[in-house]
Structure formats: C-alpha cells, structure tokens
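By written order: A, B, C, D, E and F. Residues from 1 in each chain.
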Amino acid sequence: MQLQLKTWQFVEDYLKTRTGIIIPIGSTEQHGPTGLIGTDALTAEMVGRGVGEKVGALVAPTISVGMAQHHLDFAGSITLKPTTLIAVVRDNVLSLAKHGFTRFFFVNGHGGNIATVTAAFSEIYAERSMERMSNQPSIKCALRNWWDSPGIKRLSSELYPTGEGSHATASEVALTWYKYPETMDRRVLEPRIAPNGSFADSEDYRRAFPDGRIGSDPSQATPEHGKRFYDQAVEDVARDYEAWVAK
Amino acid sequence: MQLQLKTWQFVEDYLKTRTGIIIPIGSTEQHGPTGLIGTDALTAEMVGRGVGEKVGALVAPTISVGMAQHHLDFAGSITLKPTTLIAVVRDNVLSLAKHGFTRFFFVNGHGGNIATVTAAFSEIYAERSMERMSNQPSIKCALRNWWDSPGIKRLSSELYPTGEGSHATASEVALTWYKYPETMDRRVLEPRIAPNGSFADSEDYRRAFPDGRIGSDPSQATPEHGKRFYDQAVEDVARDYEAWVAK
Amino acid sequence: MQLQLKTWQFVEDYLKTRTGIIIPIGSTEQHGPTGLIGTDALTAEMVGRGVGEKVGALVAPTISVGMAQHHLDFAGSITLKPTTLIAVVRDNVLSLAKHGFTRFFFVNGHGGNIATVTAAFSEIYAERSMERMSNQPSIKCALRNWWDSPGIKRLSSELYPTGEGSHATASEVALTWYKYPETMDRRVLEPRIAPNGSFADSEDYRRAFPDGRIGSDPSQATPEHGKRFYDQAVEDVARDYEAWVAK
Amino acid sequence: MQLQLKTWQFVEDYLKTRTGIIIPIGSTEQHGPTGLIGTDALTAEMVGRGVGEKVGALVAPTISVGMAQHHLDFAGSITLKPTTLIAVVRDNVLSLAKHGFTRFFFVNGHGGNIATVTAAFSEIYAERSMERMSNQPSIKCALRNWWDSPGIKRLSSELYPTGEGSHATASEVALTWYKYPETMDRRVLEPRIAPNGSFADSEDYRRAFPDGRIGSDPSQATPEHGKRFYDQAVEDVARDYEAWVAK
Amino acid sequence: MQLQLKTWQFVEDYLKTRTGIIIPIGSTEQHGPTGLIGTDALTAEMVGRGVGEKVGALVAPTISVGMAQHHLDFAGSITLKPTTLIAVVRDNVLSLAKHGFTRFFFVNGHGGNIATVTAAFSEIYAERSMERMSNQPSIKCALRNWWDSPGIKRLSSELYPTGEGSHATASEVALTWYKYPETMDRRVLEPRIAPNGSFADSEDYRRAFPDGRIGSDPSQATPEHGKRFYDQAVEDVARDYEAWVAK
Amino acid sequence: MQLQLKTWQFVEDYLKTRTGIIIPIGSTEQHGPTGLIGTDALTAEMVGRGVGEKVGALVAPTISVGMAQHHLDFAGSITLKPTTLIAVVRDNVLSLAKHGFTRFFFVNGHGGNIATVTAAFSEIYAERSMERMSNQPSIKCALRNWWDSPGIKRLSSELYPTGEGSHATASEVALTWYKYPETMDRRVLEPRIAPNGSFADSEDYRRAFPDGRIGSDPSQATPEHGKRFYDQAVEDVARDYEAWVAK
C-alpha cells in the first residue's frame, strides 16, 4: 500500500481505523566494487513495502539519501548533513501528523542513519514539549533496521559463516540482486574478505577500507539468498510493526 | 543510468568524460479524487530516468517530497518547509560536487517546487561566493519542468481542448496511468471540470478547490495518452539537457 | 501613508477598518555603468508609496536588500542569502500579524526576489499549518512586480521598441531619473544594446554580461518617461491591491 | 554619498583609495502617542547620510527594521528576531567584504539593537576564525549610537533639563520633526513626563509604560532643536568615523 | 589536568607534544526519588578528570546539559534540543581545533546523548568535507560511555545481581554518593525494583516509569561501591583513551 | 542549593513556593600568563552558588563556555558562536519554564557574554510573542555581572588603585586564587600593567594585547583579597536577586 499510489480520499478513509505509517529510509553511497550505490535505499524500500502489503499499512515515499558522510571519498556517494536529515524527518512526521497519523515506523537500510534519525525523533519530541501547548495528540516514532532481527542474523550466519561483514555485506548485496538481478557481479574481490575496523571521517574510512567494503565477501551472495533474506525480513519487521502500533 | 544501480567505480569512470547529472524532484500531495498522491514524484522520475537513458547521463535518486504546503489540508500530503528543501538540494549538490560533478539538472514534476528550488540554487551560489575562497570549480544548476516544452503544450491542447487544468492535470494523470495502469480511475467527477483560481495557504486552497483539482477534468486521461506525453517529454527534456551541459 | 511617519495610535485606529499593508521590497545591486545600485529598491519604494497614497493603505519600510547573488561580482552589490531573506520576510509578516494585519502585499522591484519571497510565503504558511494550533486568524501574502502589468508592458514597447532589455532596463532607469534627476547619465554605452542570455551564478553573470546590463539600452530613458511609468505603475498596482484585499 | 545613488563603477573607483562604509541601522516601533514609528530608522539614516557627505564615505541602505521585541504590544511595531538580525548584518558585511570593503561602521538609532548587532559582529568574526583558512583580509565592524557623544548629551541637558527620557526622547523626536515637520504633534501628554523603569518582554513593557514613552516629555521638542541635534550628531559621529577608519 | 585550571601558555606547551583532549559530557535530569539530577554530568566529570590525571591529558569543561527530552516531565530536568547540542559539540571542537588539537575524546555519562553526539561528529566531518578546502589537518572525535566496559559490567553484576537497572542505576548512584556522600538517601523505594520497558517522548516516559527509575533499585548503592566503580571506570577509560590517541 | 545535587521531587516541592532560579554563566578563555582559562566560569559559579545558599534559591549547572571569539588566538580558549549560545540559553530557559520556573537570573562572569545573552533573552521573548498563543505564563530573564556593583567597584579601587584592568583583572584573579590557592602565580609580568585599548576580532586582540591581559596587573591579587571579593559579590548579587524576583 504505497502512499504514492493512493488518493487523498483513500488516506482519509484509512485514518478512520488506523494511524500508523511506514517510512523507508536508506542511503546513497558506495557499497564496494560490486555492490550498488543505492543498496541501502533499495533494500529499505523493498522491505518497507513488503511489510506494508503484509500488514495493510500505508508506506510513505522512501527517503533515499541519508547520513553517509563517511562514504564521501568514494564517487557517487551523497549525504545529507545530520541537521538537514533531522529537518527532513521532522517535516515528514509533522506533515503526516497534521492529517491524524500518530505512529511513524521508519524501516531503515543504513547503519549510519541510526544516530541522526534517533536524534530527529528527540528533536520532534523536544519541540512539542518545550514550545507548545499540550493539547496536541501524542505521537510516537520508531526506527527498525531490517537486518537486526534474530531471524536475519541466523540466516546470514548459516549462508555466510565468514565474510558477511559490516558494510557491503553479503546479505544486503543478495537482497539487491534478488530485486535487480541484472546488476549481479559475483567477481571475487581482492582481498576476498575485506578488512575490519573502525573509522572517523570519510578520509579515514577510505584509508582503512580502500575498496569501500568492511569485513565482507559479497561474491557469496546470490539472488536466491536475496529472496530468503527478503522473506525473513518482511516477516520479522511485520511482526515488530504490529506489536508496536498496538502499544 | 540510475546512480542507485551503479557502483562507485562506475561513477569514477563516468566522471572522466562527463560531469553532468540529472536529479528528478517531485512532490507527495493530493491530486484530486482520482489522481495519485505520488503523481509529481512518479512523473519526474519517469521522465528523468528516460532522459538519462536517452542521453547516457547518470540519474540521482528522486527527491520525492517537495514543497507542498498548499496541499496540507488534504490527507496524505507531505511537505518540506522551504528552508528544509533548500538544505536538501544544497546537500545533494555539494556531495556530488565533491566527486567532480559540475552540472546539476533537476527534472521537476511540481510547480510548487519552482520557487524554492530556484532559491536553493541561489543559496548554493551565495554560500560559495560570500564565504569561500575562489579556488573551487564553478558549478551550475538548472531546473526543468517536464510539462513546459512547446511539444508538451501542443500535445495537451490537442488531446484536451478543455479540462487540462493546472493541478491534477489530465496530462500528468495520463502519465501516471501509463506507468501504473492498475491505478486508473476514469470516473467523471463533479463538476466535470474543476474551478480555476488562485490561493494562498492550504486552508485557502481547500476552500477554493474542495476536491483538490484546479481547472482539470482528469477523466479524459488514458494510458495511451500517457505514453505520448512520456515520449514527448523525454525527447524535449533530453534535447534541453544536451544543449545545457554543452554550454 | 508611510508606517514610519505614523504613530502607534494611528495604526491602532487603522486596524479597526482595514487589515492590509503594503511592503516595498527591492535590491541593492549593479544596474550597468549608468544605472543606480539602488534602482530596484528605489522604484519599489516609489511605486509602493504611490499606491499607498492612492488607496489609503499603510506602507511598511522598504526592504532594500534582497536576493542578488548573481550580481556579487560587481562592486557595491549586496545580497541576503535566500534563507536570510526568508527569515526577514517572515519576521516582518509575523510582527504585523500580531497587531491584526492579515493581508501582506509586497510591491517588488527585482526579478531576483521572486523565487525567494514566494518561498518565504510558503515558509510562513507551512510553519503555521505544521507547528501550530488552528486558532490563529488566517493570513495571506502576495507579491506584485511593478513592471508586470499590461499597461507597463504597453508603455515600454511604445517608448523602447528595442533595448528595453531585462536588467538595467530602460524603464526602471527612467523611473529612477524621474525621482533622482541629478543622477541622470544618458551616455550611449558600448554595445548600445547589451547582450541577452541566461546565467547561473555571479561569475557566470559577469562573464556573459561584462558591464552588467542584459539586453538593454538605458540611454533611451528620460525623466519624462519615468513619470509616465510611475503613473501607470501606481494605477495598475493600486487596482490590483484593491481587488486583492477585497477577496 | 548614498550607495543606492551610485553606479558599480563608481564603487570600484572608490575602493581604490578607501575601504570603509557607513551602514545606518534603526528600528520600526512605537515612539509614544506623538512620536513616529520610524523614528529610529529615520534618525539613523539622517545622521548616517550626513556623516557620509561630511567625510566622503559611501552610505549603504538603511536597515530599517531592527530588534524591537519589547515594543510588539503596540500596533505597528515590527521586529526581527535576534538570530534573523544577526544573519542580516552578516550578509550585508560579507557581501561588501567580497568587493574589498574592510571597515563597517554602523550608525545606530536604537538602543535595542546594541546587543544583537554586537553579537552579530562576533558571529562574523567567529565564523571566519573557526571555519576558514586564514588567507582572507581582516575586517572590522563598529557600532556607533548617534545620541551617545558628550556633545549630544550636553545639548539635550541644556534643552531638556527634565523629560529627555530614554524612549521616545525629546531629542530623537526633535530630530524627526526637523526632517519631517509636517508630522509635528506638540500635544502635552498625560502624564507630561512618562514613568521610568525597566522591563522584560513586550507585555511587561506595555504594563509599565502604557502609552509607550519611557521618562520623556516629547512636547518640548521643536524642529529647531532637531537641527541642532542633527548638526551636533553629524559632527561628532564624523569625527569618530574618521578616527576609527584610520586605525 | 583541568583546562579551566591552566593558563594559555601551559596549553601552548602541551600542544607541542600532544593533541588530544578529554571532554566530559553529561545531562541534567531526574534520577528517581533518591538519585541526583546532576548524576550524569557529575559522573562524567569525575571519570573524565580522573582519566585526565592518570594519562596526563587536558580535560575541557564539562558539558552539563545534554539531550534529555524524555525526562522533561519530571521537575528540574533540562534538555538541549538535538540541533542545539550538535552546535555546542561542533563549536567546542572547532575552537579547540584552531589551536591544534586533533583528537577529541568525549567521556559520556548519559545514554540519551549517544545518538545526538554521534550525529554531531558527522556534522563536523560533513561540513569539513562538503564545504571546505582540503588543507586543514584531519580531526577525530570519539565518544566513550564510562559504564560500558567489561570491567564495569562485571562489577555491577557482582554487586547488584538484580536491580542495577538502566536509568537511575545502582552503579551511577553509587558513584555520586562516593563523591557527594552528604546526598546519600538509601530509602527503599516502592516498588523496590522499578519496571523495565521502552518509551517514546517524555509523557510516555512518565506514564511508564512514574517515579523516574527504569529497572533499578538504587537503595543497594553505597559510597564504597562508588569508589570501586570510580577506580574501575578510570582504569578502563584511560586504557581506551591511550589506545585511541595512539592510532 | 545546586540543582545538580537535588532530586526531582525536591524541585517539585520548591516550585510550590518559588519560581526563580539562578544560572551561572562564564567563559573558557585565556586570562593572561598567570590567570586561569576557567576564570570567568569559576567565578560565576562561586558567586552564583554563594547567592543560592544565601537566598535559598536553586542554582542550575554553570554554562562554562560562552562567547569568547576575541580570545581564540590564545591556546585553550573555546567559544560558542553567538547563535549557538542563544540556542543554549533558550533551551535552558524553556526546559525550566516547562516545570513552572518563571524567573531566570543569570550570574555572569564574562563581559563578552553580555551582548549575546541579552540577545538570547529577546529571542526567547520574540518567539513567544510572534509565534505563540498567549496562554503561556509570562517569564522574565535577567543578567547580572558579579563585578558590577558599587560594593565591588569600591573594593577593587581600594585594593588596586592601579592595575585592576579590564581583562585578567586583579579582582577576578584574586577570586580564583581564593577558591584554588594551588594555582596562584604572583609573578610580576612585563609590562607590569598591561596596555589598554579596544579590539575587533581575535587577531586584532592578540596584536594589541600580546600576553592576553588588558590594563591589569594581576600580581597584586591574593587569596585574601579573593575572599573579600567573594563575600562582597555574594552580598550584592543576593540583594539584587531578592529585589528582582519580588517584582
């Protein structure tokens, strides 16, 4: 149930019985020599829309550009500054709150978004509690990473005993190849498994991870794996959504 | 050539010969009882990507939420405040400029974006000229509305001698039904042709245009018309893009 | 009826019967080798005040510095960044709205302001609809370029069949010489009629239009022409103001 | 030497020998039942332009709306929020600095501006020292209240042994009547001398000073006094300007 | 080595051999009926200063007010909005970077700060990579929660097999009583162990956790425990600091 | 009565009878070769807390970093940009106002804060009067410099007939040595009394005052003097606080 494919009268009816909405949020950034720049937005969108179908919830347009400062030394990466992303999340939520939505469930495809989106929720709450009268209905926001459930972790351990990694992971690459099989590139990279480690800014990142991957061997991924990740993620995130909106 | 479906190494190669990029920008807002909330983002994306294919240019992720304050009294509409949208445009452009892009061509699907996006370009230029050293390469931004060429105007006059309108237009509705035929709803609305006029804010808009349309009769639209609009828009905008990047 | 020349008690009385106010807005930027840097502010002020006298409306202080990034490569030009100008327009409107004004009519002297001031109106409306309770009275803002009426266009075509141009135009120069005849400089410039074209930022502008003019031959202007432009502009804008506040 | 009445080529020449500029800054706010709402902007402009003539310095357009929150409970008063005014001062200074101006001398007509404009100077300095490379020429800003010299204080003590006051003062009212004698209103108000005291926000101000004046009896003012204040202020401020730019 | 207790010449000497600095950051918010409002700032300050002594590093002034929106329904709690806290962190870092500091190690006392401070680091990096020339030395920021080491976790499990909790924890309360024994209040609260759970904004928090604690029984804490936590935290964080600055 | 050392229930009780709070605000900046970088924050904190004890008022955490742009050319100095400091003051006040505090009394240790903090108060008032409904209780803010009373001025004249100065003053240095005697450094500097004068930005400051002092000879200070300044300042500021909250 994509909001974009509905009419305003449909939404008006929807709000008579439900006030929750799903907002996919991803990033546009390098994912190694074989992963797609859109990986994080595409996977968040796939999972978010799948959950929407499963639970009968509206799904807002995907926020495709997130907080990706640390990837800016690789061509094609785009970032919003954290303060810009906070404003974007805020305006999306406040616009929808005006119509009567009260539960905002962000399905996230990018670890780098977590801090800023969490801060954005606090910004929204702080504005309302510090600057306003108290006669507005209360709203709640939640962020859910599609890769964070026990089901997904079990599946990636099973499929990739080594080389799942933490950026340009085998699982997220698999997910994109499931939806966009024409982009598949199963070349074995050198080194096969990228180094692990931490980083500060984008220069530091590029120095530590010269081809962009962290700890991963994406050549293990297949479209079939992608389908399994997709099914599992939709199931897990849908369960979470339903539990959360019921609270 | 969607940026999202490419790798960073592809982009690095691309930049050796070209520095232009296309950025579709739309809006998420009511389009009358039969038009899609995503109309402006979906059409900008269709045309932007079509142009990218035709001219061999990269196409960045669509900015799906624009400046739609005036639609906020209709359920499902989302807006960014103008200052937020300025920050979004700025961060997209500055991120890509860091990689070496110098020509930013926004393909626009929403009249309400024009003022703010134009202001955003000035914001970018003003920052660079007032706050910075002069050793940065110069950049240029342009905004192109897909519906604004003589070819499109001719086609809509031919197909819809009356009732093209200026919001929820027959032509934009046709374009969405070409791509998403399952959403087609050719109901004749009451009045068949919506009233014309001007408006200030969203309350004023709803008072003047109670079902959301301005001057249009979208029941005239068909998927076949949509294909004709699509082909014409891609041809016209592609020609403009090529002329503009060559300057 | 300049607000600056009235007392607060006068304004309190005025608000018992009327809630409209006129706000002249211009720019401070080069107008070619013979045009005044203040042209756009001075003309907006002249016309705005003339309209105020004619229709009995208060006229707020002129906003003399507008959005003129594209002129920053010519000495003496001043700009506000678009986000600053948005804040200025917003604070002017919200201050006056507190007193009971509800109709804000900006008389504009500078094409480069249009996008940003239009965005500012949306910013004001968006704040009110997204962040506030609904028990505030509704407000409306309008922007009116003094040079945009059929009457003015007819007059400039008649007086300047060629060389009216689009920056440092013969008509605006005439208007300033009507009010400030001591600044008249009817030198014929080289080329007599400046080139036409488009531009991106201020560097690009200076490259394309080396003496600052676009398409104009201001040597045709005379103070007498200026008086005719003044009378016509006041008449046309006054008519528009009265129609607009009555809505 | 009003910047508004000069051409860009004049300014280019000026900058070959001088880099100082005068910027009048005032306010738009109630000045009691008989004082003009524009008093602070009109007096700053008169004095600023007078100084410019005397010392041969360019005078930028007057910033007519300043920080006047405390007057917002009187009709017609307009304020910029302090953060907006900081941005306005900053953009004026940085635009002019781009052309080569390095000394910015603000002639001030409003006590309520002092804190914010002083903060604005620090904002400009802080940006440059924290965010930038050091190869920009150094700039200096100064704020000068026209009423603050020993000469002016002597004159007001002489003319108004009692009832000069601190808002809607006899001296500032005299200055406006010198320039705008048609606005003169020498009515004796009740009480003749307004109360003195301090205040927090605009509600508090109105409670303490019901007709807007603080400590003043403006009925003592005459246009002739105004001329004496004008001459004295121009002389004193001009001396200060010349000493300051020479440093 | 508190920065506040040194002179600028001392700092100048320090920078000849070291470029790291420790910045304690806490919060000012309710910690249940018996815990101090300053708990998070006081503990961050104690540990941060202890580490500074141990490793010979300068310690900047404590940022005592952090992001505590969720506690605003309890009297005395203070929050900065996330965007304000981002600006504070940024200005602290950029000021110190101007002097030559390059490693900024935040010792944190409050879980609610993590998202916003992490976003602040990205804001700093993003500004530098998107807006600036590349000739500035690279900087690195890190955030370290004093309670997060294996050593501390082992100690709290040992001392408090149940009722350590996650807000107004026994361990943090112990730490404050070690330093401020006069504030000790070992009353057993009702219920002895507070409920666990999650929350959205401050209203939601107060509903779920009526006395402010989450999952904790602070009556178990003693000053002697506090000393053990202090020694352990200083040891663990000092080790981390030394490893991190050496990278 | 430090807020940090109280519980939320204590604050709730306090608010039943009183609504005033003291907020110490200082700066972190060079104070010459022998004065402490923390001087202004430490003295504001000492005096603020002393006043709180004397009058039974709560004292919020010290804002230790203020507006110190002009000291940024001396190692160890930290500044907030004025717009950041405005946001900090605003968030502190609005958080506390939510609990019912209505009187905010800032005890200030740094002349350079005066303009910005005064502007911050106006920002708070302006937001409330321009953007909000009127059903919020009115609040008042005041700023009090500890060194500004006749009592303190008398004492410093008595103790330091010459060389009190205006930065790194003998009196403020004495105050810090009273509290932190281990930092005492009574070296006679060269020149014994530093030069006087004015300055623009931090480069200008360093040029004019090479060791950081302005007009002072801090070698005269002693801890015993410090105690006298402390007692006098607490007495004077306490009297002011009590008079002000009673209004």
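The working rule: contacts are C-beta pairs under 8 Å (C-beta built on N, C-alpha and C of every residue); 3 or more make two chains touch, one makes a residue touch a chain.
What you see is a predicted model; the values in this text were computed from it and never measured.
Common neighbours of subunit E and subunit F (chains touching each): A, D.
When each chain is reduced to the average of its Cα atoms, A sits farthest from subunit D. Interface subunit B/subunit E: under half of the residue numbers present appear on both copies, so the contact uses mostly different residues. By number of C-beta pairs in contact, D-F leads when A-F and D-F are compared.
Comparing the CA-atom centres of all chains against that of subunit F, the greatest distance is found for B. Once the centre of each chain is set as its mean CA position, subunit B and subunit D turn out to be 46 Å apart. Averaged C-alpha coordinates put the centre of subunit C at 53 Å from the centre of subunit E. Distance from the subunit C centre to the subunit D centre is 24 Å, each centre being the mean of its Cα atoms.
Counting partner chains per residue, subunit C has residues 72, 79, 81, 83, 91, 95, 98, 127, 129-131, 133 touching two or more of them.
If the chains shown are joined wherever they touch, the resulting network has some other arrangement, not a path, ring, star or complete graph. Chains touching one another, given as pairs, are A-B, A-C, A-E, A-F, B-C, B-D, B-E, C-D, C-F, D-E, D-F, E-F. Within the complex, the subunit D residues that touch subunit E are 129-131, 133.
Those residues of subunit D whose C-beta lies close enough to touch subunit F in the complex are 67, 69-70, 72-73, 79, 81-83, 86, 112, 114-116, 118-123, 125-130, 138-142, 200-204.
Residues of subunit C touching subunit D in their complex: 2-12, 15, 28, 30-38, 41-42, 58, 60-62, 64-65, 72, 74-81, 83-84, 87-88, 90-92, 95-96, 98-100, 180, 183, 185, 212.
For subunit C in complex with subunit F, the touching residues are 91, 94-95, 98, 127, 131-133, 135-136.
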